[in-house]
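First chain A sits with chain B, and in the next complex the same chain sits with chain C.
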Partner chain A sequence: METILEGTKAIVRIAPHHRTVLIGERINPTGRKRLAAELAAGNIEIVKQEALTQVDSGADVIDVNVGAIGVDQVTMLPRAVEMVQEVVDVPISIDTADPVALEAALKVCRGKALVNSVNGKEEILSRVLPLVARYKAAVIGLCMDEGGIPGEPQKRMDIAAKILKRAQEIGIPQEDVLIDCLAMTVSADHEAGLATLDAIRKVRTELGVNMTLGASNASFGMPDREILNAAYLALAIREGVNAPIVNVARVRQAILAVDVLLGRDEYAQNYIKGYREKQREGK
Partner chain B sequence: METILEGTKAIVRIAPHHRTVLIGERINPTGRKRLAAELAAGNIEIVKQEALTQVDSGADVIDVNVGAIGVDQVTMLPRAVEMVQEVVDVPISIDTADPVALEAALKVCRGKALVNSVNGKEEILSRVLPLVARYKAAVIGLCMDEGGIPGEPQKRMDIAAKILKRAQEIGIPQEDVLIDCLAMTVSADHEAGLATLDAIRKVRTELGVNMTLGASNASFGMPDREILNAAYLALAIREGVNAPIVNVARVRQAILAVDVLLGRDEYAQNYIKGYREKQREGK
Partner chain C sequence: MSGVLEQIAGVLYEGDDESVCTLVQKALNEGIKPGQVLRNGLLAGMDQVGVDFRAGDLFVPEVLISARAMHAGMDILRPLLSQSDLASSNKIVIGTVQGDLHDIGKNLVGMMLEGGGFEVIDIGIDLPPEKFVDAIKTEHPDIVGMSAMLTTTMQNMKHTIDALENAGVREEVRVIVGGAPVTKEYADEIGADGYAPDAGSAVELARSLVKQKDG
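After this line comes the complex of A and B, so read on.
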């Protein structure tokens, strides 16, 4: 099962035996006060530098989220997508909970975008999936619904299956649905990590679709977050995640290491290239 | 299935749902010129500091290997075991390929030791397993035999099953056999990592025994070895390794992170304790 995303020039292929695809998470004002303030002040140019920096660090796809207090997403989201596409040629992940802003962004986005995201709620499915189909995008389905995020892996799997079924019913092909089993904060619940890993394994085995994960949530409130994030990504990638949403500069080398160990990087050439680039930048 | 090892005072329990047990690998002259020279000169006292440092860093078991050119293991190995037991109370892993040195060390070792190691070769099984049984030790079985180290996971599994059967036939209980599926150098063969992980999963599923792994072999010849080792340990622990042989000071925090994510560290208390100790030592 291969998901194909397209930017203005670059094409990205997501599939179980390909190398892991990195979706850059940094254009997102959540928890980033300065970025939030700039966006609220209408300074949308700032996303250009964020996009360039992430692609330089090895991002394959750029997530674009402008959701913050005081930001009119319907105006700003499409502008942000245009700005990003002016400077980088990789595919875009359009990240919003507002279907109107989503459609405005899909209208201007060149190539084949990834819509981030739908979930199992009826209202969301019925409003967002038709947009995904109309603009021939791919879509991320989050394993949550009206009842919240279930603790049991089987229930997350059931939501994933429902999203996939509904997508296919309106003509979105199976390979254009990516599932996110949702990383939960492990400091709050010591079984949270395992529940997500088990859900990922189930989705991989039973649905066979490609998967993303915002792994850094897991380490919220913990010290040495990078060590936890790297370990979680290793485990999640082994279970089936192949396009995680990450702070690329921080975790790229750890992910390249996993690809080496899982036989997806012959002669370790990507790993060694990543190491050399890191050395060059003096990181 | 619980393996119990005993030192002069400390008891270590190895089982799938316990936290990961760390076997400290540093008392081993392979690749450590100064240590090799000291041992060859008869300066056996040096192992005391190596043992203390590793236990301070969180080692649960201390591996003792004095094999180097110019070292008479039959004399030196038991002395090294005695030295280590003078200063630390944790269990000992007696690491030698020489059955005479092994027996000499088992004679003086207090508590219940781990014998590192046997493999599937008939000559080794028939000479070493009776010693393991006589001294009521536990033993590590390496997945290799007269034919070398098989590439196919199933063949490694077959060797593990053979070692386990032979051990049980002479009265060594199943829980006293740990299997090492053998980490191979990934720079030489890009499928080597996956072969070992698949073998570990098979052994866990089909034999259910506890497992060790000398994971650092995998990164030989590669840059950023710590990143690769941490990723490999995360994957191997998830598949079933629960007592890896490691450079404890380097990888302890990464392993504690895996235990958090796999639900083996309630309230992340070991992880946070490890973090605080690391801070205190200014690492």
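After this line comes the complex of A and C, so read on.
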């Protein structure tokens, strides 16, 4: 099972035996009030620097989300995608809950994009999957539906299976569906991390598809968040996540370490290269 | 303040529910009024938890252990509290607005509010405006809390407030809003009574609003 994403030049392959692919999460105004204000003021150029910084830090894919108050996503999202593609050649993950903005962005996006995201809700599936098929993109499927996010791993797995089935029915190949089993806050429920890990394992063994995870959620409300995030990513990657959405600069070296330990980094070249880069930056 | 009440506040801060129960019983045996045990023992401890949480000295799981200890103490006190004591525990209805399935933040706020001495009625997620209207009519809360995590669903906070107006129940409650994309400016724009950037501040905000209302 190999998911292929394309940027203007770079091609990214997501597969179980490959190194872990990093999707950079920083172009997202949620929780970043300054970025939100810049976007609302029409200063869309700001996404260029955010994209460059992340690719310099080792991001393989750039997530683009411009959802903020006062931002017209239908005009701003495609512009942001174009801006990002002017400065970096990696694939784009188009991140929006607005299908009209999504289509506008898909129209201008070069290469093969990743659509972030659909979930198990009927309305979303019937509205968004046809766009994914028409523009030959890949898509992230979130394990939630009309009933919210199920606590039981089996129910999340059932939603994943439903999304995969519906995608295939309209001609999206299964390798173009990435499942996100959803990282939940462990500060509010100490077993929430385990439930997600169990769901990831089920999806890997029963569906065999590639998976993403927004792991940073898990550490909300806790001290030393980076330690928790890195530990969680290590466990999740072992269970089957191979393209997490992360703050690349913060967790890259930890993920490179995981790849060494899982035998995905021959002669530990990536890990050592990452170390040298950090040395050069004087960190 | 009597020594035992300070001790209650202390063990509640530590999240030691067994000691909270023992000491609450002890205070009652000493003849201290249940309402005083609540205010100067349990709520005093919870206040300190709130202060230290906002200062970044305590973390969410620690707040939740204290909230659990608070519940254990309340289980003993509740049957003994007078009507006026009970009336002082304010009611708040919370839920996420239509189209929004994100319940983590809402749940956290709910737990913090319970810990802060509020009676919390959690009406769920993805709620059309009329559900909020119904809840006000049946529960008669002091406050309604709405949560949204997406810019797209955030607009439904305004629709919900409009629905409360149209149903003639807007004046009965204070409306507070929160969630990642929400800002103070947006809260003002849609005519909410308050905005809290995090769960700890939500408790503070709710308290200040009921004080205004009661005062």
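Observations
What we mean here is this: the second predicted complex is superposed on the first by the 283 of 283 C-alpha atoms of A that agree within 3 Å, B and C clash if a C-alpha of one lies under 4 Å from a C-alpha of the other, contacts with A are read in each partner's own complex, and residues count from 1 in each chain.
Note that in this section a residue touches a chain if its C-beta (ideal position, glycine included) is under 8 Å from a C-beta of that chain, and two chains touch if they have at least 3 such contacts.
All values derive from a computational prediction rather than experimental measurement.
Once the two complexes are laid over each other on the shared chain, residue contacts for A:Tyr271 go to chain B alone; chain C is not touched. Contact with chain B, but none with chain C, is seen for A:Leu235 once the two complexes are overlaid on the shared chain. By the document's definition of touching, of the two partners only chain C reaches A:Glu146; chain B does not.
Set against each other, chain B and chain C touch different numbers of residues in chain A, with B touching more.
After overlaying the two complexes on the shared chain, residue contacts for A:His17 are found with neither chain B nor chain C. In the superposition on chain A, A:Lys33 makes contact with chain C only, while chain B stays out of contact range.
When the two complexes are overlaid on their common chain A, residue A:Val71 makes contact with chain C while staying clear of chain B. Legend: residue contacts after superposition of the two complexes on their common chain; A:Leu194 is shown touching chain B, with no touch to chain C.
Of the two partner chains placed around the shared chain by superposition, chain B is the only one that A:Val260 touches, whereas chain C remains out of contact.
With both structures placed on the common chain, the touch criterion links A:Pro223 to chain B and to chain C.
In the three-chain superposition model, chain A touches both chain B and chain C at residues 187, 190, 222-223. Residue ranges of chain C in contact with chain A, taken from their complex: 59-61, 64, 101, 103-104, 107-108, 111, 125-126, 149-154, 180-181, 183, 185-186. Those residues of chain A lying in contact with chain C across their complex are 29-31, 33, 36, 67-69, 71, 73, 97-98, 119, 144, 146, 148-149, 184-185, 187-188, 190, 217, 220-223.
Chain contact summary for the complex, chain B toward chain A: residues 186-187, 190-191, 193-194, 197, 218, 222-224, 227-228, 230-232, 234-235, 238, 253-254, 257-258, 260-263, 265-268, 271-272, 275.
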